[in-house]
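As structure tokens, here come the structures.
In the two complexes that follow, chain A is the common piece, with chain B as its partner first and chain C second.
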Partner chain A sequence: MTRPEMADEALFLLLHNEMVSGLYRAAEQGEGENGRCITKLENMGFRVGQGLIERFTKDTARFKDELDIMKFICKDFWTTVFKKQIDNLRTNHQGIYVLQDNKFRLLTQMSAGKQYLEYAPKYLAFTCGLIRGGLSNLGIKSIVTAEVSAMPACKFQVMIQKI
Partner chain B sequence: GCCNSCRRELFVLTYGALVAQLCKDYEKDEDVNKYLDRMGYDIGIRLVEDFLARSAVKKCRSYSETVDMIAQVAFKMYLGITPSVSRSNTTENEFFLILENNPLVDFVEELPAGRTSLCYCNILCGVIRGALEMVHLAAEVNFIQDRLKGDDFTEIGITFLKKLEDKKHKRNK
Partner chain C sequence: MAVCIAVIAKENYPLYIRSIPTENELKFHYTVHTSLDVVDEKISAMGKALVDQRELYLGLLYPTEDYKVYGYMTNSKVKFVMVVDSSNTALRDNEIRSMFRKLHNSYTDVMCNPFYNPGDCIHSRAFDNMVTSMMMQVC
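Then we have the complex of A and B:
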């Protein structure tokens, strides 16, 4: 637990969690509608995803096809952000991909009890945006949603939008 | 592949996205500054536990030692920088951290338009204040100078609010 990189992760985890709490607290105090919180988190994630890809890889010619890009998201991108790869990638080869993370870093701090399932979506919104933003900068338009079936595992569903 | 600097970039980019969102949500700079400070506080009270787990430091016996710890160990650990420390000649218990470079503003060239009073890095003040409170030290923490506002450097002031028990003082009374 004393590797220097992990200090960065601890800081990011805290920032992310407090961002979620802060937005909902502000919404409760009437500083914005509740439903907007998920959208705001998703939008922030989108910006960050774009920024990360921009700094990460300036050479999009390295990707042969859409699947290649999705594999990149599952391996390099996920490792940069979450220190691990996506555990399972499935696709119907028709533009829908399901990325499964069995131990999602932003959920591992939360208790595994069923009562917390209700709160889990709040902690996934930013990451949905992150994926959507990353793909956007790689030339792919998408809709990303997520669901938690059992903590701390979750699935991100990416639907590629043909422009 | 990825590198250490990519990991810090995640935090910096996320922070930037947060500030941008807050600028959309709040018209007044003061409100954004307050929000950042509050968030920083909430992070600081939790961060201190992480810090103590990672650093096994000895208990600080003076404000000076505490500030040195913040600058040389904590800042280094979390942001990769070591601000220089100085103390006030005029005000007791007031210290300054001078940030030569500040990764939080790596991608920020200037303040957003119309945001001249924005303390972009105000979260740092809240973090320090929250962390100190968890080790039973009350302090006021704020930006004294800010490069983004045109000052020569970025400087954080930490003023401890309770006088340390001082045997000398007692004798003189």
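Then we have the complex of A and C:
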């Protein structure tokens, strides 16, 4: 385990946490419209996802189909961003995919059970946008939502929209 | 050295198109437009033809009497089209591939630029300079 790698992980985690609290603080001081923060976070994740995917797929081979793209997201993409793979991918083969991560990196610091459960959605919005942005750049329109029942495990549900 | 370089978005409109200054630039625009059909053909023929379906480089799209047109499609469905002079026989396949790689690297940098909105035309000077280095020097 090399030192530079460890600093790399912590940097993104801490920056992300600050981003979430910073946005909410700014919203409170502003007009107090709390509902827009989640959308802002998701849109941030969207733009970051677009750029990230461009960089990561620069050297990979061409994708065969939708399932290939989802597998890439679960393995390579997740490993590069969160240093681990998605633990479980389920699909109904009709455009709905559920990605399950049993130890989501952005939530492990928070709690190991039900404590702080109501704050979890704020910390998942950025990652939802990340997935949506990555998929959109690969040509897939989707809606991504996340749910947490017991930290730090969480599920991301991807609904592909057929145009 | 290329005569014309174009970057086409996935919705098939040009994000960036530049050719050496001659009297008839419209001809290059037209050539690039028609080459899009050939790109689509190559992509859809991937399962059946002998083309290596995992590669991003598409190879020679079609030759005309004066020019040869080469194509490359990224995983994000952005196409790069390059028109080179037929009389320039010194250009090998490997060189074309490396030119496309340079284009792809520069395009990725443009994508990650916070001042660039995906879908807009590319105005980045760094990208311009890179393309200038690949175009034919015409005095």
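Keep in mind that, in the parts below, the second predicted complex is superposed on the first by the 152 of 163 C-alpha atoms of A that agree within 3 Å, B and C clash if a C-alpha of one lies under 4 Å from a C-alpha of the other, contacts with A are read in each partner's own complex, and residues count from 1 in each chain.
To be clear about the criterion, contacts are C-beta pairs under 8 Å (C-beta built on N, C-alpha and C of every residue); 3 or more make two chains touch, one makes a residue touch a chain.
Keep in mind that this is a model prediction, so the values were computed, not measured.
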Which superposed partner A:Gly51 touches (first chain B, second chain C, both, neither): both
First (chain B), second (chain C), both or neither touched by A:Thr80: first
Which superposed partner A:Arg62 touches (first chain B, second chain C, both, neither): second
Touched partner set for A:Tyr116, first chain B, second chain C, both or neither: neither
Partner touching more residues of chain A, whether chain B or chain C: B
First (chain B), second (chain C), both or neither touched by A:Gly22: first
Which superposed partner A:Asn137 touches (first chain B, second chain C, both, neither): second
Those residues of chain A which chain B touches in one complex and chain C touches in the other: 47, 51, 55
Contact set on chain A toward chain C in their complex: 47, 50-51, 53-55, 57-58, 60-64, 137-139
Parts of chain C lying in touch with chain A, wherever the complex brings them together: 10, 46, 53-56, 73-77, 104-105, 107-108, 111-112, 118
Residues of chain A defined as touching chain B within the complex: 1-2, 4-5, 7-12, 14-16, 18-19, 21-22, 26, 31-32, 40, 43-45, 47-48, 51-52, 55-56, 76, 79-81
List of chain B residues in touch with chain A within their complex: 1-2, 4, 6-11, 13-18, 20-21, 25, 35, 38-39, 42-43, 46-47, 50, 53-54, 77-78, 107
